[in-house]
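The structure under discussion appears below in the form of structure tokens.
We just call them A, B and C in the order they show up, numbering each chain from 1.
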Amino acid sequence: MDYILHVLIMALIYTVFASSLNLQLGLAGLYNFGHVAFFALGAYGSALLTVNGLPVAVGWIAAIAIAGLLGLVIAYPLLRLTGDYFGVASLAFAEIIRILLLNERWLTKGPMGVPAIPRPTWLGMPATSLVQYLIIVIVASAAVLAVLVVVGRSPFGRFLKVIREDEEVARAFGRDIVSYKVRCVMVGAGAAGLAGAMWAHYVTYISPADFTIEVTILVLLSVVLGGRGTFAGPILGAFLVILVQEAVRFLPLPPEWGRLVVPIQGIIFGGVLVAMMILRPQGFIPEHRE
Amino acid sequence: MYYLELLINGIAAGGTYALFAVGLTMVYGIFRFINFAHGEMIAWGAYGVLLFLAPPFGLPLWLAIILALALTAGIALASERIAFRPLAGRAPLVLLIASIGVSFVLRGILQFIFGADLQSYGVEISGRIEIFGLVATYIQLAMLGLSLTFFAGLYVLLRFTLLGKTLRAVADNAELFGIMGLPLARVRLVVWSLGALFAATGGILLALDTNLEPYMGLTNLLKAFAAVLLGGAGNVFGALLGGLIIGVGENLGTAIISPGYKDLIAFAVVVIMLLFRPQGLFAVKSGVR
Amino acid sequence: MSLLMTGVSKHFGGITAIDNVSLDLGDAPIVGLIGPNGSGKSSLFHCISGFYAPDAGEIVFEGAPLHALPPHRINQLGVVRTFQFSRVLPFMTVRDNLLAIAPGQSGERLTKVFFAPGRTRRDEERLTIEADRILDLLKLDRLADQPAGRLSYGQQKLLEIGRVLISKPKLILLDEPTAGVNPTLIREIVAVIKKLREDGIQCFIVEHNMPLICEICERVLVMDAGSLIFDGKPDASQEDPRVIEAYLGKVDDAAEG
């Protein structure tokens, strides 16, 4: 039972994380390979504030703000870049963030990480039970997903699709597309920040090693697998990815095989990514009927 | 004196980065996509030697190296055949994502076989030379020497052989791939195996100098990409210079900033070059030169 | 209400695409721009619409310096263009192709989306009525909910004109509006262009179809190798020796080569 709750919590967190990437990648065609940076900043932001006494709710709101602000800061310079260059630049940027988190020990405690991150309080007591945390995550996720849906379905979201389909046409019709892209990244970043905060308060201990490029790959896989540009796609993708990830972890492997979990996950995810690109690049849930 | 030592370290490291960068820049120049899995050629080169050194092979170092190089070239060709050729003609981003997948598979297999701990060859190649009070280890000399030798060989290939001229022609105009009569299969073979060989050599040198860990490919990939960007996509000799600049910059940089930020220099170079001068410092037309 | 170009030049490496072109579009409702392939017609349109920055010279429209403005600002000033090859968005419906780029949709500002949803909805309704009116004019109304990719090429070119219309243009740059279009739809396009004249919108048309130019333009400009070599009536252009040489010269080269 606990296992199911754990998987549900992780899947929901990743759903928010994947949906926030989908807004950029699926709707606007922005290949943000550094998206883990926003997740990390949300996690660290909320963790550091709440470890120093602030209530968790404040921490989570701050996580959204910090991540969103960073989105704004990096978006302007990087969003002038096209397609794959933006992908690589955002990737480099995420690594820069991780190195900063690793080295600025006065702030982040460096490689030791931040332990004892508090759970949110629930009727006066910390929500230590999985059920309580799940409910909190459901509520927070639903709120953020609702925001993402509204943005995606709005005329703003519609124009993001124009940008994705044909940037020259987008530019030719009276809009400053950099402004659209920046706002898109900001919203995505803020949502990812909340996902990071939810994750940090779930696992209660974070360190820079939790925010490597592997995490970006996982969330990228979620979006690509489930179907970009749709609302349901990232949900399906996130659930699938988390299920596989947790399933491999819970396989009845002999103890000395424990070290094989990570590489097996890597092989499976990598193989699926390649297969999807060859066989069904639009993902399981296609945005258009072909 | 201290700075000269750093300079030597930087040049040696830079030579290795240049070796890493060649395959990346050739594939980008000719096939027009960023091969994220290229980093794993570095790792597999290094680990391949480990594989052949250990039982059940137990081979001498020189033989293990040769076999490791062959193995890595084989892996590169296999990944091209299985993952990239089916995607020929698709958007560069699709290929980039596929290459990310390939890198995960290759790294996963590596970690599956060898585990995640730091390893070393257990072979001591100590020994250093001293000129005018400056010290360079044999391995550093090998790094620089091999790098320059390989690049000289590459130069000969590109300038004076028919194959090399074909390579440069195809890099200039990818549509030539559709024209019959060009030895395209051979071009493909050469580009992918050469790139892997260069990278694997660099990986082996790196492992001899330091140690092996499964992420060594990934960590050096971005540095290789920084060298590619400095040199201009497709420009292999630009990549050589780019690698040297990164190596020297990193090592001299440690005199100013804390060592923990050493890696950040390469990443910062990537971002800055992409923002301000994506065509490279030397701004030649695309192609393989 | 006119477009004024003075001394505009544009080079690409060793190639001169536009060579010291000056023109005053004046009040003529429909002006044609013709010339052999590679004479710089599309480059000229790119410069006017902001996709190229001229290396020299000025482009002024109603006092605004177009040569120094990005494409989206130029569009906002009322200079709207179509593209040489159909650039409709194939996966969006025909109507959405118009709605997505229509100006005046407050819902493209995120604050309005969340804090003024009523206004967003009203804008959408107003724009939908406008879009349907335009589709009706273009005889594309039956296809309003179809993905634009299903349209025939000619219908797509019509849709491109629809996109321009919903953008409230003052000056329209039509880049080969009838190229590749079947004759029936060409008549439709011509009818629409003539109607634009009635609405006081000025058209600047690049075309290869000479009979068409003679039919609808009072004035035609001819380019060759980046230079403007003729500016006058369409019939006169057919007799002008420089124009003849520009076209025939190319034919001679082709015959020799």
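Methods note: a residue touches a chain if its C-beta (ideal position, glycine included) is under 8 Å from a C-beta of that chain, and two chains touch if they have at least 3 such contacts.
A quick note: this is a predicted structure, and the numbers were derived from the prediction, not measured.
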(request) Identify the chains in contact with chain B as well as chain C, in label order. (result) A
(request) Work out the mean Cα position per chain and let me know which chain is farthest from chain A. (result) C
(request) Please list the single chain whose C-alpha centre lies closest to the global protein C-alpha centre. (result) A
(message) With contacts counted as defined, which of the two, A-C or A-B, has more C-beta pairs across the interface?
(response) A-B
(request) Just give me the whole-number Å value for how far the CA centre of chain B lies from that of chain C. (result) 49
(message) I'd like to verify one number: the distance from the centre of chain A to the centre of chain C, where each centre is the average of its C-alpha atoms, in whole angstrom.
(response) 42
(request) Compute the distance, rounded to whole Å, between the mean C-alpha positions of chain A and chain B. (result) 31
(request) Would you give the residues of chain A that are in contact with at least 2 other chains, written as numbers and ranges? (result) none
(message) With touch defined as at the start, can you tell me which chain A residues reach chain B in the complex?
(response) 31, 77-78, 80-81, 83-85, 87-89, 91-93, 95-96, 99-100, 102-103, 213, 217, 220, 224, 259-260, 262-267, 269-274, 277-278, 281
(request) Could you pull out which chain B residues touch chain A in their complex? (result) 33-34, 82-83, 86-87, 90-98, 100-112, 115-116, 218, 222, 225, 258, 260-261, 263-264, 267-268, 270-271, 274-275, 278
(message) For the complex, give me every residue of chain C touching chain A.
(response) 49, 51, 70-72, 75-76, 80-81, 83, 87, 89-92, 96, 99-101, 103, 105, 107-110, 113-114, 120, 123-124, 147, 163, 167
(request) Please name which positions on chain A make contact with chain C in the complex. (result) 150-151, 154-156, 158-159, 161-162, 165-166, 168-177, 180, 183, 187, 287-288
